[in-house]
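Two complexes, one shared chain (chain A), two partners (chain B, chain C).
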Partner chain A sequence: MPGISVDRRALLGTTAAAALGGMLTGFGTGKLSVPAASAAEPGYRPFYGKYQSGILDRHQAHAVFAGWDLHWREGSKKDQLRAMLQMITEDAARLASGRGVLADTEPEMAQPGCELTLTVGLGQSLLDVAGHGQIGTLPHFAGDQLEQQYGQCDLLIQFCAQDPTVLQHAVRAVSKNLRGLASRRFAQTGFASPGVHGFRNLFGQLDGVNNPEGEVRAEAVFGQPGWIENGTTLALRRFEMDLDGWDEVDTAGRDHALGRRQADGSPLSGGSVDDPVDLAAVNGLGLPAIAANAHVALARPGSADEVMHRRGYNFAGQASGLLFASYQRDPATSFIPVQHRLAAADALNTWLKPVGSGLYAILPGVAEGGYLGEQLQM
Partner chain B sequence: MTVATKKISRVIAVLAFSLLAFAGSISAANAHDQLIGSTPKDGATVKQAPEDITLEFSGVLQSLSGVDSTVVSLTLDGEKIDAEAQTKGTKVTITPAQELANGEYQLAYRVVSSDGHPIENKIGFSVDAPQAEPTLVSSSEPAAPSETAGSADEERGQNPVQELGSSVSPVIWVIIGVVILGGALGVLAKFMRQSK
Partner chain C sequence: MKFQKTSALALGLTLLLAGCAQGAGSPAPGSEQQTVRQAEALTTSETWAKAAESGMSAAFGILHNSSGTPIALHQVSNAQGDEIQIHEMRGTGTGMTMAQLEGDLVIEPGKDAVLAPGGNHLMFMDLQQPLVAAQTARLTLEFADGSSTEVDFPIRNFDGAKESYDEHAGH
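Then we have the complex of A and B:
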């Protein structure tokens, strides 16, 4: 597809201009570049830009979160890390624009435009190798029953697309090229059908109703202080759901545990999904409309610092549940305190089993010709 | 099959299905725990301020680690009174932060049964302790045991009248009359509901 590189350059120009013009006007690269992208090639999201794609932009229907542990050879670790990131950047740029990776044995699978994004993050272990950045790791949360196979990795790539076949090809192509450099610990597949108010999780609840939008979202994800300019963090947790147990809970019990109505996502303190979660509201008996240990009561951000942007997915198979994925500029003030609150008391905990946990430093976006992680100045 | 008969059979199927669903919802509702008793009883007037109020349910209530799913709201003539609720097994014990003064109380509660279903309702009771001699209750007066029995008796509308001395003003008599009448009506209503 020869036309694409030209279009992408044009796209890059728009993005850069937008960045110069004071970009944090409420929309990330994704939104700002939408006119350019759709004019150029509908079905492809920009790879180059101030931020990586797959974060602020619209939730695609399918995702794979893949994690790798690096193998180190003799010599400079920094050199090896840089070389690997350069290769990933090349692969990701090609896949996102509908081209197969170098020496792709099935490049046809990369072609269909299905809004494929690859979002690359490093664990603290690789930030240590780079000698730049501090995000730490996630602490133990009450109730954690973590399994090694879903644990913290060195490298994480979030692959998202509207089509599962193209998506799986991308995962496979990148994995093939990483063979020898790293071993893949997991490839956690997820799906979601995002609507106006979040998506239905497998409990049947509308997930992400209160997710920040526009400027608030951009500020929560890329505002300062963050670990690096134009970078962010991803908290990835895997929660298995006890759906057999959940079957036994009636509507009143479900709504009570969540604090919202399963039917339409409206909070028990109001009548419409757009109504705020009001913990002070009382019902006809004078009792709090939303229980103190209802999920929304505890998950609700206590301050602007606690706001995070959730972009999770359902998973099903041997076990079913939620791949919780949240982007936030500083997990120490947002994800971690909120998750501690939930782990201690959330009424939904009865039916949730956390088996996976990890925290990743999401690299800043790059311009064409650059590589992901170049800002680490290795 | 004609279109009409198809339609009719579909309507019948829908009706049958909704009937089934209705029956199902009834049995599901019946499976939930209920309040089976309380001290003081709902609608009772007690002659001695209770130190705590207990609610008893038909099943073991949910008590998650770190949180009490039970919430209560105790009010005296609409004014909220601080009270602490403790859930253990099938019982909830509510301890008011202060001694309950005479008056009409309402206790709204919400408990969560072990299947996650919230149950909420309220009970009402009145405290009508003799004002003049509050310490006599604990003395060796023979009146003490009969007073405790009184809470059950008064629903029948007998003893409290005799127990109250002649020093009581006529206004109190009227109030007592109303309370007794209310109690009797409450019991009657309960019986009628049960016999249904």
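Then we have the complex of A and C:
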């Protein structure tokens, strides 16, 4: 159907109501047709594409990971799942281009453009409903003290943006539209200040120093074998940090536990932050420069199959810690074996308490006119 | 879109479309005059309906007349046989009341009819089936010339506009 293309900027602010006919100030503002914001447009990341946004692209400063459990009405579950995904797709496309969702009571809050991305994943329970795809669930890891409120959900949406107000509006708008269809289990808020070498976590460490980049990142996330072409998986773990206990650890002890210097991220094996970790290096006493149970010694990928792309966030509040989020094509060869190694022996475990855990099948991207999950052929 | 043909009523609707840059009724190149039925002049956007299990509900959106002559929405129906009225809000501020529109909803050439909570809307009087969030309600919009078109209204949760349901004094 032909639409009326009205430039977004022409409709913003006070001109919006007038453009739409007057009396209904604040309602239904936005473009009348839906051209996606182009990648080149400042403040907007593409919604449509081969992959979903919010994965390979640059880490935004704010995030909410929200999880839902679905309710089912009588009738076909596939039909209900498809309808829900179609609605989420429309909501995400609108929000990512700076517009409110349908029936939005605060569409003004979809602005300004702040690189908002929504990234949608399904738990194995919904892959089973769709009858397509196998990722399984995360196993129990040593030391897990999981809380139901942060556990595996049916549906997971990662919301990321540079502006926390726009971000919270997006979470609220999508959550309102999902009322009655699903119960929200959690909305885990996170923040990070990414620099050249990852971001500072709340231990003070540089997190993500060794994250893969470019083609290596793309291969780790979207290479084959994966559960579906152009899709991937998200492992989401919530680690509470014992910051009071961490206060008691001196600089040498902190660096020893991590295997890198807190100050600049350089490995204890020598060199600068950009140099590789050398587990064979010895110190002046002839002892390993990096202890066998140091975090970096255990987290380092043992092979290309173990490489994952971490895109986590800090959280703070009643408890503080790290929302660990990693994207990988096959968790069985990467996240799961690496996490088993860390859970068994990581020197940092003394100050970490894993309370949340979940694994999600991140859907392939879609072209305009399509919907997230259409490749499942429900 | 589907168009019902009622040719007798369409005879008076010969439009000059040369200056009309948009809309479903745009003529083939070189055509200067064409008879456009009212339903063909309609373009819609931002359409949605309020989720409800039973009873009353409402549908909203922007109805645009892309033609050079007025179009008049006469009647709205759906496959479930619901009674669907075209309602208008009268008055201003807290003194607004709702009433069934007398006559057709006329949309002037190139203009929009904005149907929105607190304003004019399409009203389901007694739902035969629930309007379930995330599903879609398909309504048939029939115009004064007898032409009609089907329009999809995605169903969404909405807690506002409750005042619309409490004041039916105008009926």
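Note that the second predicted complex is superposed on the first by the 338 of 378 C-alpha atoms of A that agree within 3 Å, B and C clash if a C-alpha of one lies under 4 Å from a C-alpha of the other, contacts with A are read in each partner's own complex, and residues count from 1 in each chain.
Simple rule for what comes next: a residue touches a chain if its C-beta (ideal position, glycine included) is under 8 Å from a C-beta of that chain, and two chains touch if they have at least 3 such contacts.
Fair warning: this is a prediction, and the values are worked out from it, not measured in the lab.
> Using the superposition on chain A described above, determine whether A:T105 touches chain B (first), chain C (second), both, or neither.
It touches chain C, and chain B stays clear.
> If we overlay the two complexes on their shared chain A, which of chain B and chain C does A:A347 touch? Say first, second, both or neither.
A:A347 contacts chain B only, not chain C.
> Between chain B and chain C, whom does A:R73 touch in the aligned arrangement: first, second, both, or neither?
second
> For A:A280, select first, second, both or neither according to whether it touches chain B, chain C, the two together, or no partner.
In the superposed model, A:A280 contacts neither chain B nor chain C.
> By residue count, which of the two partners contacts chain A more extensively, chain B or chain C?
The partner that reaches more residues of chain A in the superposed model: C.
> Applying the touch criterion given at the start, work out whether A:V249 contacts chain B, chain C, both or neither, answering first, second, both or neither.
Once the two structures are laid over each other on A, A:V249 reaches chain B alone.
> Is A:V196 touching the first partner chain B, the second partner chain C, both, or neither of them?
neither
> What part of chain A is shared between its chain B contacts and its chain C contacts?
Overlap of chain B and chain C footprints on chain A: empty.
> What residues on chain B touch chain A, complex-wise?
Spelled out, the residues of chain B in touch with chain A are 28, 64, 66-67, 69, 71-73, 75, 80, 108-110, 112, 115-118, 120-122.
> Once bound in the complex, which stretches of chain C touch chain A?
1, 22-24, 26, 43-46, 48, 50-51, 60, 62, 64, 66, 111-114, 116-119, 132-136, 154, 156-158, 160
> Using the touch rule from the top, collect the residues of chain A that touch chain C in their complex.
Listed in rising order, the residues are 1-4, 20-24, 27-28, 30, 32-33, 73, 80, 83-84, 86-87, 90, 101-103, 105, 176-181.
> Residues of chain A touching chain B in their complex?
142, 248-250, 252-254, 256-257, 283, 285-288, 291-293, 344-345, 347, 349-350
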